[in-house]
Structures are given as C-alpha cells and as structure tokens.
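So that you can tell them apart, the chains are marked A, B, C and D in the order they are listed, and the count of residues begins at 1 in each.
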C-alpha cells in the first residue's frame, strides 16, 4: 500500500439515489484532500463531477485505494478488479453494515481520512482460485473472495456429481450443486445452505451442498491448503455452470473438471477502529437479548 | 376406472437397459392377458414389439391403466399425461422403491394382474394447479403432483419476492426461490430444503423457501384450501422461472404473478397389498436400528 | 363465555417490576369497571391491592376472564388453570408481542375493555392430551397447549425410542427425545428442533425429534385425529421424563408408554382487532425487507 | 509408545454377548503372543480367563496398548483412562465401524498383531480441557476427546447463557445448551445439532448451540487455540450441568464459569492400513450412489 493515498477509485451503482447521495458527500471531501478520484468509464455520475473516467480494468494498476459504496456485492465486484494488485478496499454501506462493507454513511468521512493516511486496521483475506477445465483441455479461471459455486441452471433437473479433496474421493452427491466457500464466504451463500459460521482468518474452507437429496450430506470443513475437485456424472439433461462470487465463469458439462484452491493473492480490507467480527454477526443475524424472549 | 382393463399405456425411458429388461417381461404378460398396450410414438422399443404406438397426449383418453416403469420422475411424467382423465397409475421401480413407484420388479407380474382386475389399493392424491399470469394478462397453466417451484436460473443472483396466502401478506423473501409442495411432494424437493415430512392425505400444503437469506425463514404448512400467490420484486438482474414437477412452465418476471391452489383433479395411484407409508419412509431415508449405533 | 365480565383472574409473575407496573395500571381500571379481580393466594402484590385472593385452582370455576400478564410461559400457565372450564384468556406482553400474548402494554386498557364486553376476536385452540402409562398400569395425565415432550434428563446419554401413529410403527429413533406439538406449538420448542411453522387452525400435529442421531429423521406432520405413542427401548442408563408445556408430568422408563392425542377441550384466546398471524411471525422471526440486504 | 507391546488393557462391556464373543477370540490370541492382559477389577469375564484384574485407573501407567471393544462410547471411556499417559488405543467395533472404532471383528486379529509390533497408522487427536469454576472458586476439570457440553437438565425450562471466545463477547443464547466440540467430535453430538463435519486434524473447534431459540444462532467454527467461556444468566429456574464426552463433570449455576481450551494431551488412535476418513463418513452417513435415486 502507498500512503498517503493520491489516487482513489470509487466503485458503486451510482444510479441508485442512496449511493449517489453518499458519493455526493464523498467527492468534494476527497477533492479537498488532494486525491484524484477514478470512476468507471460509464459511471452514472453528473457531467461536472470532478472525477477521472478510467476503464475499471485499470483501477488495480492506478489506484492506491478503492472505496466501494453499496452492499457486499459491490465490494465483491471491487475486489475482483484489484485482487491481483494488492490495492486496499474500504466498504461503505447504505444504512446497515454488511459483512464486508462495515463503514456506515455517518462514519464515512473520518474513516476515509484514516484510510488516506494509513491509519485503519488492515485485514488480509485469502482468495479462492477456481479453474474450470473442459474435456478438450480449455481452461477458464477466476478468483473469488466468498465462494465458487457449481450449480444447476435452466432446467428443473438436479445434478449428480462427485467431489474430491486432495485427490481423495469424498462423495457422490445428488442435488442442486455445491458451494466451495472461503472462511470469509461462510456467512454468504453457504450459510443459506446450512453451512457453519467460520471465523474469517481460520485456514479452512467449507464445502456446502445445495439442496442435497441425501439429508446426511452435510457441509464439510476442510483445510484451506486442500485442492477441491468437482466432476459431473453423465446425464442427458444436465445443465450446470460455475460462478465465482456470483459471476458466471462458464458452463460445466460432464467430463469437465472444476478445481478450487486457495489463491496466492489476498484482498486487503480496511476496517474502522473498533471493528468486531462478533458484533457484526450479532447485528447481521439479529442475535441478542430480545430474541431470547419466546 | 374401467375393469377389467383392456388397454394399458406403458411409460418409461425404454432406452435404459434396466427398464428395457423389465418391459421385456411385462409385454408378453400383458399380451397373454388380452390387454392392448400403448406406447409413445417415439418409444425406444424393438421393432417387433406387440405394442400400439400412440401419441402420449392420447393416453389419457384411450388407456384404462398406465404402468410407469422407472423412478418417481417417470411416474410424475405419466401423471401429467392422464391427470385430467382419472386413469389409475401403477409405478414399477428398478430395484429400489420410490415414494411413488412402490412395486419392485420381482413383484411386478402379480401386482399387474391385481391392477388389471381392480384388486389393488386405490390411493387418490390431490394435484396442485399452477397459474402464471404475466403483466399483459397472458396465462400459462399446469398441474403438479409434487410441487410448483419458482426459482432463479442462469445468473448467480438471488431473488427478492413476496408471498401471500389467501390474500394475506406472508413475507418478503430473499433467496433462490420457493417451493409450494403438496403433502405428496413434501418428501421430494421440499425435503431437501428443510421441509417436514407430511402424511400424504392431510389437507395441507407446504411453502418451503430455497436457500433463504434469512435463516428464520422456515417452511410454513398452510391449508390445502388456500390460494398461494408469489410475486417478484423489481430488480434489474432477476431471472426466474416456474416449474411444475420439474418441467418448466415459463419465465417469471417482476409484475408477473404465480397462483397455486389445489386442483379439482386427483391422481389415482395403485398400491400392492401391504403398502405402508412409514415403511417406505424408513427405507427411503435409511432410518432404522442400525443407524442408532453412533 | 359470560358477558359482561364480572370476575376476572390475573395471572403473572408480579414480583417482576415490569409486570407489577402493568398490573398497577390494570387494577384500578378493572375496579372502575366494577370487575372483581382474583389473584393467586400467594401473589406478590402490595397489601392494600383491591383484589380477592383465591387458590389458582378455583380460577376456572370462578372467573369469566383470565388476563395473563407476561410472556407466553405465563399464558401457558393460565391456560392449564382454566383449560377444562372454557374461560377465555387475554395475554398482555411486556414490550414485545409473544405468539400467545399479543396485546402490548400501551394497547392494554382498550383491549381489556373490549374483552369485558365480548368484542374481541375469539380464537379456539385445541389442546393436546398426554397420558403416561407405566408398566404397573398407573397413569399420569395432563393437557398441553403447545407440546408434549419426552426427553432425556440428568445423564448425558441419549435415548433409544420408538414411535407409532394410530398403531402403525413409524421409526426407531436415537437422540435426545421427541416433541409432539400442536399447530399452535409449532412455533415454540418444535421450531428450535427443525420443525415447520404450521398455521394454528390446521388439523395437524408435528412430531419433531430432538437432536436425532440420524440426520434424515425429520419432523413429521400427522393428522390431529391421530393417536401418537412413544415407547423407550431398554437400556441400562436411560433417564427420561415427559413434560407438558414445560411442566414435568413424570418419569418415563422402559416399558412405560406415552400416549398423545388431541383433547376434547380447547383454549379460548382473545385477540385485539387486526390480529394477524403472519404479522406476528414477521415480528417474532425478524423477517422483512431489511433482512434481505446481505 | 513401547514396542513390542508386553501389556495390553482390554476395555468393553463384557456382559454384552457380542462383546464377550469378540473378547473370547482375542484373549487366547494375545496370550499366544506373550502379552499380559489387564482388565478392570469388576470386569464381567469368566472366572478362569487368563487376565490380570487391575483398577482401571492404573491402565494408563501399566499398559502399552489399550484395546477398546464396542462402540465409540467404549473408546471414549478408554481414552479418558489413558489420556494423560499417551498409551495408544485400538478400537474394535461390533459389526459396523464407528468414527473412532474402525476395526471390524473379522479384521481384528491381524490388526492386533500389527498394533503389537507398532505397524499401524498412528493418529494423534487433540483433547479438549474443560474447567468449571464456581462462584466460590472451586474447580472441576476433565478432558474430552469429542465434546464438552453445557446443557439444561431435569426441568423443561431452557437456559439463557452467554459465550466468549478469547475474551470477546460472542452472543447471548437462549436454548437447551451448547456443545464445544473438537474436530474429532464434530461428527458426534454436534452433528445432531446442525454442526458441520470437520476433518479431524484441522486446528479448529466448533461451538454448536443445542435447540437455540434464535434460528440464526448457527454453529461457529473457531480456532483450536482459542479459550471458550460460557456463563449462565441468572434465572430462578435454571438447572444445568456440564459433561465431557457424555460424563457429567458437575452442576453449572449462574455465576459459575465454564472454560474450554485445547489440552496439551493427545489421544493416540491406531488405524488399520487403508483407513480413509471419507470412506468412514460415507459408511456412517449412508452416503452413496443409491441414495441419489429419488
């Protein structure tokens, strides 16, 4: 990371009025600090905005900091843009904290100032690397912060597939698919599929089947040093694809192979002082005293 | 039902060698009983087979009995063909009983004889009626024995939708979709999504969310006399469809409305003597003494 | 029910300051309406309070109305007192609605007035009847509004037991016990054990295993006209008991038999205008739009 | 470990005829190998059996090897006896493998021979250390291989309690209790409470609430280097105790504190060649191809 920050990229759905309002307060503040602000070529910002329009693909090379304004989905998008460049990310949410975007609008300006001068807590989160190899040897690859998902699509028919961990056969599965989530992603899609909450810095992954036929087919926690492999069984009506953090990587056919491992790259999240993972959980999951009174 | 049975339709994936073997034993037996056998126009049967090739759509009008050879999916297909005609169904499975196909190959011939003479247990199962109304008023309709499912497809993005029961607002949901299952269908897809097992003759339905964001968004059991309505929230990236027993009925867009109610029609299943729902459950779900030893 | 109400019993943990405050507002109001107020002999109320101290066991015979002030546990206690007498119950909660106590303190006085003159919505809820028969023929019996529970106690060892529905064998279970819940009780203990939400007027019960060894041992919805039987397997270290709405009915040993069926008696709940079951669910289970933003 | 083994302790419920039969084959075999066999003082063995009766408490100091014959419960008992002495354990099951007792009777004699000469696979499993501190400072301590459980007993009333990880507040819980399981214990009680399967050598623990009121109160995976603390909220009707691997350690009252951490000691399991954790899972959890045909 380079401090003080001279160039900052802004990521968000600026057409959303709530986001626009937040950005409207943020831009003059950054300007006043002498920071150059990059936004995407096609960003829905007013014409006169004091920003430099740049292809998103260059954010990684040019920005010292990325500020994602919106929900966790926006931060995941920003993370993909800069994952290979080590640019730190600050996530500002729209009224409620997210698992990844934990700065509230009212705390934004002091948090941004602290980010500009390198005073925020640095939180390195490992990425997953997905590799989709088809029968002809062609390869598609992508990184994911939360999860790599192999899932049925289009048809209503379920999938038959098998999983391996470090070459060892784990199981034949029948169901809608499987999630391979990082510890960070354990509170995203995997949680909806019965997976556990995993403290984000533990060296583990979780394999969570999606709507498994076999009810004992429970989520499995494995080492983050493991190679996970998924292959489809041959069936005439199979339609599946692989997605990384919700973005489709490609079709997945019988005889294709999906490989997932921990990437060498990390994402660097910045947190305001007092960041507390369990406080975040309590807020996001509606835990607390009130809930006890049944 | 007309007895004795003079015309019997056979349904199955005859290209599967295990199915073909079963059918190979069944055809001469039916022939010997003087029964005319209907199969689909394009059925993968040997040329010389003593069968009458007929469009499947005519099975309902022409057959006195349908024998489905295969898994529960095959019986669901057969049920759709004859649902509006009240033709009884006998399901022969391929080695393991299914929830709907509970005659084993070795018991097939005596069961068929009993079916021909009307001696089997008759089991009427109500159907669900799905009605998909789009913003322009166009309507698609279908029946389902197990379930009507509204579900995301293609993209990895989840859906925001709302449900109503008899006009009363139930919930805003975020997740992959929702299953409206009959009591019969409670042991199919809904079970994989955390739904309960429901005795098949109870006058109830179950609404089971698929991979709900909110963990307290549990399956709800409602009256089978209720009208269930589902509507999507507007979101730019929404891609959803509705399927009935796994067959896609149509795309489902914001401003469309899905209505599900119990149909007037029933499906008539025939069971061999000694049919026992709980025995079937124990077998299908691997319950039993052995499982206790942990 | 007798209207206008002349005698009203008050039930609650009056030693709790929040309850005492509510009762402090309620007593003069009832007095002003000319209503005689019964409280338990040992009620923790100030000496000068204008109440008639009466054994709780006489509330059923003497009161025209019971007001339960507190949580659902308080209303369950009140329901046991009057179940055999058909006295209606009004439940006032302490700041948050409960499933059974749905009048908030701020709405209490108008709701009480409406209850006194018979203007509230009447909601009849069937009770469960539990019968515990030991090997020597001795019998213990009780009613329950929410659930009858057979559960291990004391030792850490799990139980082996079997269940029957209308004499048909259902399953051998291994685990911590089983809940037989009414539709009303589906949102109480059974929900914590993976059971479904059941609309309270449906003619069904749910059998929900507690921490079952076998993961496919899912909750089962059966007819409320059914007789449910539970028996323990012989094991040297078995320690189990049966409770009704959380109150222990008795020890449960191998060779004992628990029978649960729907009772002839109902509990009559009174609801304020606008009572909406789904609104209650949304509030209690933290459903809603906000929950969608992940 | 000392090889060759000269003294071997046998642990099991010898009164069970299936266990007695296995032991009947084992004793002469060990005798023939010149091994002294220790059994408990009160072991239910025939009078003439060629064994040395010894208090179980001395097994740890005197035996070079312990053979547990029975289920996983028997091996857990044996593990407690020798945990502080590093004596290796071989588990022989009675017909079906357990998670810990993975030698089948028919493979017993060659496995025992291999154990005697140190040829089996050595599998070190960390233990949990539980420390129960009451308000007066008195302390009870025990080790556990699978889990430490704090749980209600006797009454039907649930518990209100709070948890901390390394001093950080995690949550207020309402429910039946909580399981702190090792990775090894993830497939025992914690699995019945919705916990994940965890590969046994990962440096993590799982905190699994038992029948939590709040449905989003999901199992949490934390570092095995963490200190877990549990404390009860004050409530008049609280009755709780703590157990280690199913053996009660003591009562647990408000103002008491339960501390759980990874112990310095390990248990040494011996496995036959070809031991495969995932094969064990597939067998124990009824996974597999057959299960797919729904």
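In this section, a contact is a pair of C-beta atoms (placed from the backbone, for glycine too) under 8 Å apart; a residue touches a chain by one contact, two chains touch by 3 or more.
Only a predicted model underlies this, so the values are computations on that prediction, with no experimental measurement involved.
Ranked by how far their CA centres sit from the centre of chain D, the chains are topped by B. Same interface as A-B, judged by over half of the contact pairs sharing residue numbers, among the pairs B-C, B-D or C-D: C-D.
For the pairs A-C and A-D, the count of C-beta pairs in contact is higher at A-D. Computed from the mean C-alpha positions, the centre of chain A lies at a distance of 38 Å from the centre of chain D. As a whole-number value, the distance joining the C-alpha centres of chain A and chain C reads 45 Å.
Of all residues in chain C, those touching 2 or more other chains are 191, 213-216, 218, 285-286, 291, 294, listed in ascending order. If the chains shown are joined wherever they touch, the resulting network links each chain directly to all the rest. For chain B in complex with chain C, the residues that touch the partner chain are 160, 165, 168-174, 183, 186, 191, 194-199, 202-204, 206, 213-214, 216-223, 276, 278, 281-282, 285-289, 291-292, 294. Taken in their complex, chain B has these residues touching chain A: 149, 151, 153-157, 175-176, 189, 191-193, 210-213, 215-216, 243, 246-248, 285-286.
Put simply, chain D touches chain B in their complex at residues 71-72, 96, 98-99, 188, 214-216, 218, 284, 286, 290-291, 293-294.
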